[in-house]
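For reference, the structures are reproduced in the following blocks.
One chain, subunit A, appears in both complexes that follow, with subunit B as partner in the first and subunit C in the second.
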Partner chain A sequence: MRFIFKTSYQQDIQLARHGGHVFWYGLLLWGLVTAPWWLQEYWLTQLIFVMIYSIMGLGLMLLAGFTGLFSIGNAAFMGVGAYVAAVLSAHGTPFPLTLALAAGLSALVGAVVGLPALRVKGIFLGIATLSFGFIVEEGLARWESVTGGNAGIHVKAMVLGSWKVDSAASFYAVCLGVTVLSTLFVLNVLRSSTGRAFVAIRDSEVSAQSMGIHLAYYKTLSFMLSAALAGVGGALYAHKMQFISPEQFGILQSIDLLLMVVIGGLGSVHGAFLGALFLITLPQFITLGKDYLPAVIGQAPGLQSLVYGLVLIAFVMFEPMGLYGRWLKIRTWFELFPFYRKGMFKRQKSFQKSDRLK
Partner chain B sequence: MQVLQVIFSGVAQGCIYGLIALGFVLIYKATETVTFAQGELMMLGAFAGLGCVTYLGWPFGVAVVVSMLVMACMGWLIERVVINPVLGEPAFAIVMLTIGVGYVARGLVTMIPNIGTETHNLPVPYADISFQWGSLVLGATQLVVMASTAVLCGLLYLMFKYSRVGIAMQATSQNQLAAYYMGIPVKRLNSLVWALAAVVATIAGLLLAPITFVHANMGFIGLKAFPAAVVGGFGSLPGAIVGGILIGVVESLSGFWLPEGFKDVAAYVVVLLMLVFKPNGLFGDNLRKKV
Partner chain C sequence: MSDILLSAHELSVRFGGVLAVNKVSFEVQQGEVFTLIGPNGAGKTTVFNLISRLYTPTSGHLTYQGRALNDMPAHSVAAAGIARTFQNIELFEHASVLQNLLIGRHVHRHTGFWQQMLFLPSVRAEEILTRRKVEEVIDFLDLQHYRDTMVAGLPYGIRKVVELARALCTEPQLLLLDEPSSGLNMEETADMAFWIQDIQKDLGITVLMVEHDMSLVSKVSDRVLAMNQGEVLAVGTAAQVQSHPAVIEAYLGGTLDVSAFKRETMGAA
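For the complex of A and B:
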C-alpha cells in the first residue's frame, strides 16, 4: 500500500502524483519514442491510428466525459479539420500552420454547434449535433469546387519547413509529438479552473450556476476545445489516409468516436487512449478470430458490426466506467490486498431521474 | 398541379417518418429512454414480413399479423434483457446501449446467408394499383400508408384514452415513482411499451417496403425520424405524426424547388431551427421545476 503525505497544496494539482507515476509514464514515453526502432512498420501504422483516434477521443472526452454534453456529430469537426489540411497542403502551406488553422476553423464550427447547447440538454443536444453532422457531411459533398465532392480529394504529404514527412517513422514522430502536446493541454485544462467548471456543469448545472459559473461561456468553450482537438485529429487523419471523401466523416464515424469514449471509460483521460487502442485493435482480433470460427459465421460480412454491438452492450451493462474502470478495480485490488471487498465499486440503485423538468 | 403531386408523396413519406417517430415517443414517454434502435426494429419487422411472404409462402394478411406478433415478442425481449437492468443509469448510457442493439440487429441480419446482404422486393397485393384524380396520380401504396397511419393513430388514441393499460401507461409516463406507489406494475408496463413500439415499427417497415426495398441498412431512415419527433415535441403522440408529415412535405418540396443536395438535409435544417427557436417542439409541454 502506498500512502501519500500531503505537505503542500501544490500537490493536489501536480500532474504526477508520486514516483510511480513518473516512472511508469516515463517508461511508456520512452517505449513510444523508440517504437520505430523495435516495431514492425505495420504495427507502427496501427499505433499512428491509435494516436490519431486518441486525440479525437480526448476532444470528445472533454465534451462528453467532463462537461456532460454529448455529441453525435464530432466526426463533422474531424471532417472540417481534414479538409482544411487537404486544401491547405495542396497549396504548400507548412504543417504547423495547417494544423493551427484546422484547429481554429473546427473550433469556430464548434462554437456554432454550441449555440443550441445553450438552450437544449441531454438527448436534444445529441439530436442537434447529429443533425449538424449530417449538414456538414452534405456540405462537404456538395461544395465541389473546394472539396472535390463525393469523388474525394487527394492529400499531399506533410511539409515541415524543408523536411518532407513521407516515411512512416517520421510521420509517427509528428503524431507522437502532437499527441503528447494535446494530452498535456487537456490535462492542464482539467486541472485549471476551466476544467473544474466543466466538471461542475457535468455534475449539476443548477449548482454550477449558483456557484457563479457562466453556463453559456463554458459550454461553448467546451464545444470549441472539443472541436479543435477533433480538427487536429482530422488533419492528421487526412495526411495519414492521403485520400479523403465526405462519407468518412459521417454518422458511423461519429458513433465510432462515441463508442470509443464509452468503452474507454467516460470521465477519464486514460479512457480516451484505452478506447482508441480498443477501437483500432478490435478489427485485427476479429480478422484473427475469423479463421477459428465456422465459415458461416466467420466469413459473414455482419460479424464486425455484431461484435461491436455486443461489446458495447456488455460494457454499458456490466462495466459502465469502461476499460479504465476495470483497471481501477484491478489496481485497487492490488493496492488494498488482501482487503478488497466485492461491493467497493457497486453502483447505487436509483430511480430514473426525469429530464423533462428543467 | 405538380406541386400537389410532390406534396402528396411527401405526406406519404412523412407518415412513415411519423410512424417511426411514434415508436420513439412511446418509449420516451413511458421510460424516458431515447432509443436509437427503432430504425433497426423497423428493419427487422420488414424482414419478418418478407420471410413470411417470400420464404414461407403465407398470404400477405397472415404475414402482417404474424410478423407483428413476432416483433412484439422481440421488443419485449429486448426490454427485458438489456434495457431493464440499466434503467436509472444516465440517459447517455442507455442511448449507447440502444446503439449497440441496433448494431447487433444489423449484424445479425447481414449474417443470414444469401438473404441478409441482398436487396429484396416485398410482394404486396396492392403494389401496382394507382388512381387518377384530376391530373393527380395517387399510388395505392401511398394511400395505404396514409390510411394505415390514420387507423393506427385512432387505435392508439382510443387505447390511451379508454383502456386500463393505456391509462396506466399515461400515469407511468407522468411520474414513475408515484405510479409505482399506486400499484401499477411499472416494469411490466415498460416491457409492454417496448412491445408496442416494436409493433408500430413493424407496421412502418411493412408500409415502407413497397416504396423502397427491404435491406439490412433500411434502418438508417430511423435517423430521419428523430427530427420528426423533435419537431412534434418529443413527448407528444399526435406531435410525432404531425412532425413526420411536416418533415416529409418539407423534404419533398425542397427536393422540388431547391438545388440538389438540399433534400437530404432539409429535415436536419428544420430540426436545428426548431431546437434553437422552440426547443419544446410544436406540441411539447413546457414543464418547469419549482423550488
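For the complex of A and C:
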C-alpha cells in the first residue's frame, strides 16, 4: 500500500502524483512513440482509431462525466469538424490551421446547442441534442455545393508546407501529438477552477450558484469544449477515412460515443481512453469469435449491435463506474491484499438531497 | 456595531396563492449574530432564498452594503460577500472534501480559461494560494482528518461542518446559516455554537441564521427575529423574543384557545 506523505501544496496540483505515475505513464508514452517501429500497420491503424475516438471521448467526458450534461448529438460536432477538414484540405490549408478551424467552428456550433442546456436538463437535454444531431446530418446532406451531399466527399492528405502526411506512420505521429496535447489541456482545465466549476454544476446547481458559479457561462463553455474536441477528432477521422458522407455522423455514431464514455467510466479521464479502446477492439474480437460460433448466430446480421447492447446493459447493471471503476477495484484489491472487502465500493444511499429549489 | 450590513424593507413573496413572506422588514448590523426563529412554514428559509437570490421578491427591497440586491443575479451574490449553507446540505457529493472547499474559492480566482488550459505559472501560483487559504479553513474547523475523503461517504454531522467550511472559503462578510444544528447531536451542537462565536469574534463575519434549538439561539445570538406565517412577530434579544406573547402564542397556541378548551371540559364534567 502506498501512502503519499504530502509536504507541499505543489504535490496536490501535479499531474503525476507519485513516482509510480511517472514511470508507468512514461513507459506508456515511450511505447506509443516507438509503436511505428514495432507494430504492424494494421494494428497501427487500429491504434489511430483508438486515439481519434479518445479525443472525442474526452470531449464527451467533460460534458457528460464532469458537467453532468448528456448529449446524444456529439457526432454532429464531429461531422462539422470532419467537413471543415475536408473542405479546407481541398484548398491545401496546412493541417495545424485546419485543426484549429475545425475546433473553432465546432465550438461555435456547440455554443448554439448549449443554449437549450441552460433551460432543460437530463432526458430533455438528451432529446434536444438528439434532434440537433438530425438537423446537422440533414444539413450536411442538403448543402451539396460545399459538402457534396449524400454522395460524400473525398478528403485529401494533410499537408504542412512541403511535408505531406500520407504514410500510416506519419499520420500516427500527428494523431499521437494531438491526443497528448488534448489530454494535457483537458487535465489542466480539470485541475483548475474551471474544472471544479463543472463538477460543482454536475453535483448541485443550486449550491454551485451560491458559490458564485455562473451556470450559463460554464454550461456553454463545457458544450463548446466538448464540441471543439469532437471537431478535432472529426477532422482527424476525415483524414483517416479519406472519404466522408453525412450518414457517418448520424445517431449511431452519437450513440457509439455515449456508449464509449459510459463503458469507460463516467467522471474519469481514463474512462475516455478505456472506452475508446473497448469500442475499437470489440469488433475485432467479435470477428475472431464468429468462426467458433454456430453459423446461425455467427453469421447473423446485427451480431455486433447485439453484443454492444448486452455489454452496455451489463455495465449499467453491474459496474456503473465503467471499466475505470473496475480497474480501481482491482488496484485496491492488490494494494490491500489480503484485506479487500466485498462492500468497499458500495455507495451509501442518501435521501437528504433537497429538490425543493429545482 | 451600528453599521447596517443588510436591510430588508417590506419584503414579500407570493407563490401562487400562498403568501410565503409578507412585508418583512429587518436590519442586520455589521458584526452581529442575527437569528430568525419561527414554527415550520414561517417563511424563514424563504427569506434566505430571497437574500441569496434563488427567489425574486414579489415586492420590497433588499439592500446589502448600500447596494440593491434585488436585481443582482444569483451567481454574483457570493462575489458580493454573502455565503450560505443549506438546510438539507447541498454539497458536491462526488468530490472530496478538499475539492468542495476549493470550489468555495471560486469567486477569488483571477485567471481565465485560456491561462488555465495551458496551466501557466500564474495559474499554478493561484492554485497554491487557493490551497493555502483552504488549509486555513480546514485548521479552523478541524477537518484535517477528512481532507481527502469523498463527501458521499461522510456522516451527516461532518457534512454539516464541511458545508460551513465551504461557505467560509468564499471569505464572506455575511454568512447565512440555514439550521446549522439540525441533525447534530449534543456534542456537535456545542461545537457548532463555539464555531459560530469564533466566526463572529475572530473572523469578524456577520452571521444571519435560521435555528430551532433555542439553547443554541440564546447562546450565540445578539438579536432574534421571530416569524410566523410569513410575518414578523417580534425582534429583540433572545430572552425578549422568547417571552413575547405573540411568539408564545405562535408556538404554543393562544391563551384564548386554552381557556375555550377548559370551559368545554368543565361543561362536560
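As a working rule, the second predicted complex is superposed on the first by the 347 of 358 C-alpha atoms of A that agree within 3 Å, B and C clash if a C-alpha of one lies under 4 Å from a C-alpha of the other, contacts with A are read in each partner's own complex, and residues count from 1 in each chain.
Please note the rule applied: a residue touches a chain if its C-beta (ideal position, glycine included) is under 8 Å from a C-beta of that chain, and two chains touch if they have at least 3 such contacts.
These numbers come from a predicted model, not from an experiment.
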First, second, both or neither for A:Ser210, with subunit B first and subunit C second: second
First, second, both or neither for A:Ala35, with subunit B first and subunit C second: neither
Which of subunit B and subunit C A:Ala168 touches, first, second, both or neither: neither
Which of subunit B and subunit C A:Gly309 touches, first, second, both or neither: first
Partner chain(s) touched by A:Ile13 [first = subunit B, second = subunit C, both, neither]: second
First (subunit B), second (subunit C), both or neither touched by A:Ser193: second
Subunit B versus subunit C as contact partner of A:Leu108, first or second or both or neither: neither
Chain touching more of subunit A, residue-wise (subunit B, subunit C): B
Subunit B versus subunit C as contact partner of A:Ala128, first or second or both or neither: first
Contacts on subunit A seen with subunit B and repeated with subunit C across the two complexes: 347, 350, 352-354, 356-357
Sites on subunit B touched by subunit A in the complex: 31-32, 34, 82, 85-89, 91-97, 99-111, 113, 116-117, 176-177, 216, 220, 223, 226-227, 230, 234-235, 260-261, 264-265, 267-269, 271-272, 275-276, 279, 287-289
Touching residues (chain side subunit C, partner subunit A) in the complex: 49, 52, 54, 73-79, 83-84, 86-95, 98-99, 102-107, 109, 111, 113, 116-119, 123-124, 127-128, 130-132, 135, 152-153, 156, 166, 170
Residues of subunit A touching subunit B in the complex: 64, 70, 115-116, 119-120, 122-124, 126-128, 130-132, 134-135, 138, 141-142, 251, 255, 258-259, 262, 266, 296-297, 300-313, 316-317, 320, 347, 349-358
Of all residues in subunit A, those that touch subunit C in their complex: 9-10, 12-13, 185, 188-189, 191-194, 196-197, 199-200, 202-204, 206-215, 221, 267, 347-348, 350, 352-354, 356-357
